[in-house]
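Paired with chain B in one complex and with chain C in the other, chain A is shared by the two complexes that follow.
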Partner chain A sequence: LLIAVFHYYANCQQIMTRTPLASRSFSHGKVETDEEFDARWVTYFSKPDIDAWELKKGMNTLIGYDLVPEAKILDSALRACRRLDDLASAIRILEAVKDKSGPHKDIYPYLIQELGPTLAELGISTPEQLGIDKL
Partner chain B sequence: MTHQAHAYHMVDPSPWPLTGAVAALLMTSGLAVWFHFHSTTLMALGTVLLLLTMYQWWRDIIREGTFQGHHTPPVQKGLRYGMILFITSEVFFFLGFFWAFYHASLAPTPELGGCWPPTGITTLDPFEVPLLNTAVLLASGVTVTWAHHSIMEGERKQAIHSLTLTILLGFYFTFLQGLEYYDAPFTIADGVYGSTFFVATGFHGLHVIIGSTFLAVCLLRQIRYHFTSEHHFGFEAAAWYWHFVDVVWLFLYISIYWWGS
Partner chain C sequence: ARVMLCRAALGRVGLWRGLCSSSRLQGQTGSELVDCTVTPYLCRLDTPLSDVPYVRDLTNEQRALKEKEKGDWGKLTKEEKLALYRLAHKQSYCEMRQGSSEWKTVLGGVFFMLGFSGLLVWWQRVYVFGEVPHTLSPEWIEKQTQRMIDMQVNPIQGFSVYWDYEKKQWK
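Let's turn to the complex of A and B:
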């Protein structure tokens, strides 16, 4: 619990480099580390023949967690969108990230900055660039 | 007098399978005619023929079993298998619609906003009428079991009362669902949400009506002394069907109304 609390405040104070503790604290059995969590999700989206359903299911599960996904996970997901010719989902992922950040307004610009090269490479515009970030 | 050296029922020739098949043909081709030529005559004719077939075929079965004694234990066993297999096929029927619902809701497409419920859909509060409906059907499961025990114990009056109560609860459910359908803030045309909701709950509602009708026939038969405390398979079949309908509702409630909101 202390680790979770620490991560929460660290998150508030600095440019986010670590996600809050995503794995649950079981009373017994192995607890997944942040690195293992990230690696698992990067692997999930890296599947070469991932299909459209798996992409959307993965995103929905990921967004359901109490965290904002790391840049490397988002990068993997965006590349999966590219393989599936799904630009709509790619932009939606960016919107979801902004939404998940909640009151922590610094997370989204930071992640856009981190994903900059990938967005340029894959030709993905941000909602702001498209003017669809305002309702 | 002719005798048979076995306990099985060699059914007398009957026209109802043929009229049933003709009814199916007229209903389906009538559907096509309605789509293309805007006339409902053929379909209506088919439906009437279907209703007549059902009435007369099942009336004949009741005559053969209750009045002519053809439903010996092995024959009854066969009828039990038949009902179980039929209900199993209905389970698979609903499984398909649940598959469709989960396929759409576990991985919502960008067109829906990538979320479930989809953007723009106001779902029904699962803790309002849907919860009442759950209570109604669960209660009806209790009353139908009460009716069964009443029949087995020879309690005629109680059997009639509890069976009537079961049917009334069934009607109450249908009435409440009707109101919900009327007042729902979304329609069947509202994307995959509307489709999965109304097709799944719609077919369920149809099965409630079928089940209620089956139970009503049993009530009529109970009043007319058709059932004995040892032999009342028609009622058992109706009760099985009713429990099946109840279970389907529970799955619908948990999946679509509760989780899906």
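Let's turn to the complex of A and C:
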């Protein structure tokens, strides 16, 4: 019974905190592949009735990781912004991703290129178009 | 009239009230109270989306804009999009990242204070300190040095190593 309770608790922990398997390296456990990581985050943002808190939490957590999110994750996040009628967050996400790329200046233009159709479809302006990428 | 001008110049908080560290008076500035029961807006590079928007109390115009946001974003003008962004966020990433020139002020201030201290020390040297003891006069030093050579002070690694006893001069 104690073991069952422990397993239940451990599962709950993982579901609630959504700890990424990829960022914990243990030699005994399974390491999440990049595709699994991406899929998990796309699913997270694709939730049809996602609420504002979940969007913020997801985005802030994602930016906390040592990576630049894939275009498909960002696409999903932008669509979540649209469902929540939050244009400011959508633009902020683009800014955050550019900042996250750091010295790798080629990542952001690539992402904008990949997200082009989505940006056009949803009517999201890039920070460059709004002029907030400069002082 | 002059008193009124002074009051206006000091701003909301009077000079001495602002400097006051007494806890009894500290809260009594009136217009600067921050409501600590509400979640604050945080503008951080590592937290793109803050818990609350920057502008919380919207005017009617801003409310109308928020209504328009629920529609097609393609229909918003560039200014409207910018306005919506600024309602939610205080500073853009670029603005957050910009440094200030404060370091120049700090460094300048430091050098100035060092220089000023130097002047004070100089003045002190000239006007406060009395004469130096007679044991530092050249004649005394000469005799003292000769005595040290005669005593062979520090003959291995120090003083007398440098004196050539044959040629009776410094090496």
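FYI, the second predicted complex is superposed on the first by the 111 of 135 C-alpha atoms of A that agree within 3 Å, B and C clash if a C-alpha of one lies under 4 Å from a C-alpha of the other, contacts with A are read in each partner's own complex, and residues count from 1 in each chain.
By definition in this document, a contact is a pair of C-beta atoms (placed from the backbone, for glycine too) under 8 Å apart; a residue touches a chain by one contact, two chains touch by 3 or more.
Here the structure is a predicted model, which means the values were calculated and not measured.
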Look at where chain B and chain C land on chain A after superposing the complexes, then choose clash or fit. clash
After superposition on the shared chain, which partner residues are touched by A:F26: those of chain B (first), chain C (second), both, or neither? neither
Applying the document's definition of touch, where does A:G123 land relative to chain B and chain C: first, second, both, or neither? second
Going by the contact rule stated at the top, is it chain B or chain C that touches a larger number of residues on chain A? C
For A:G64 in the superposed arrangement: first (chain B), second (chain C), both or neither? second
Given the touch rule stated above, what does A:A88 touch, chain B (first), chain C (second), both, or neither? both
So, does A:D133 touch the first partner chain B, the second partner chain C, both, or neither? second
With the two structures laid over each other on chain A, which partner does A:A96 touch: chain B (first), chain C (second), both, or neither? both
Touch test for A:E54: chain B only (first), chain C only (second), both, or neither? first
Across the two complexes, what residues of chain A are contacted by chain B and by chain C? 55-56, 59-60, 86, 88-89, 92, 96
Write out the stretch or stretches of chain A touching chain B in their complex. 52-57, 59-60, 86, 88-89, 92, 96
Which of the residues in chain C end up touching chain A in this complex? 45-51, 53, 69-70, 72-76, 78, 81-82, 84-85, 87-89, 92-95, 97-98
Per the touch rule above, chain B residues touching chain A in the complex are 103, 106-111, 113-116
Within their complex, state which residues of chain A touch chain C. 55-56, 59-60, 63-64, 82, 85-89, 91-93, 95-96, 98-99, 122-125, 127, 129-135
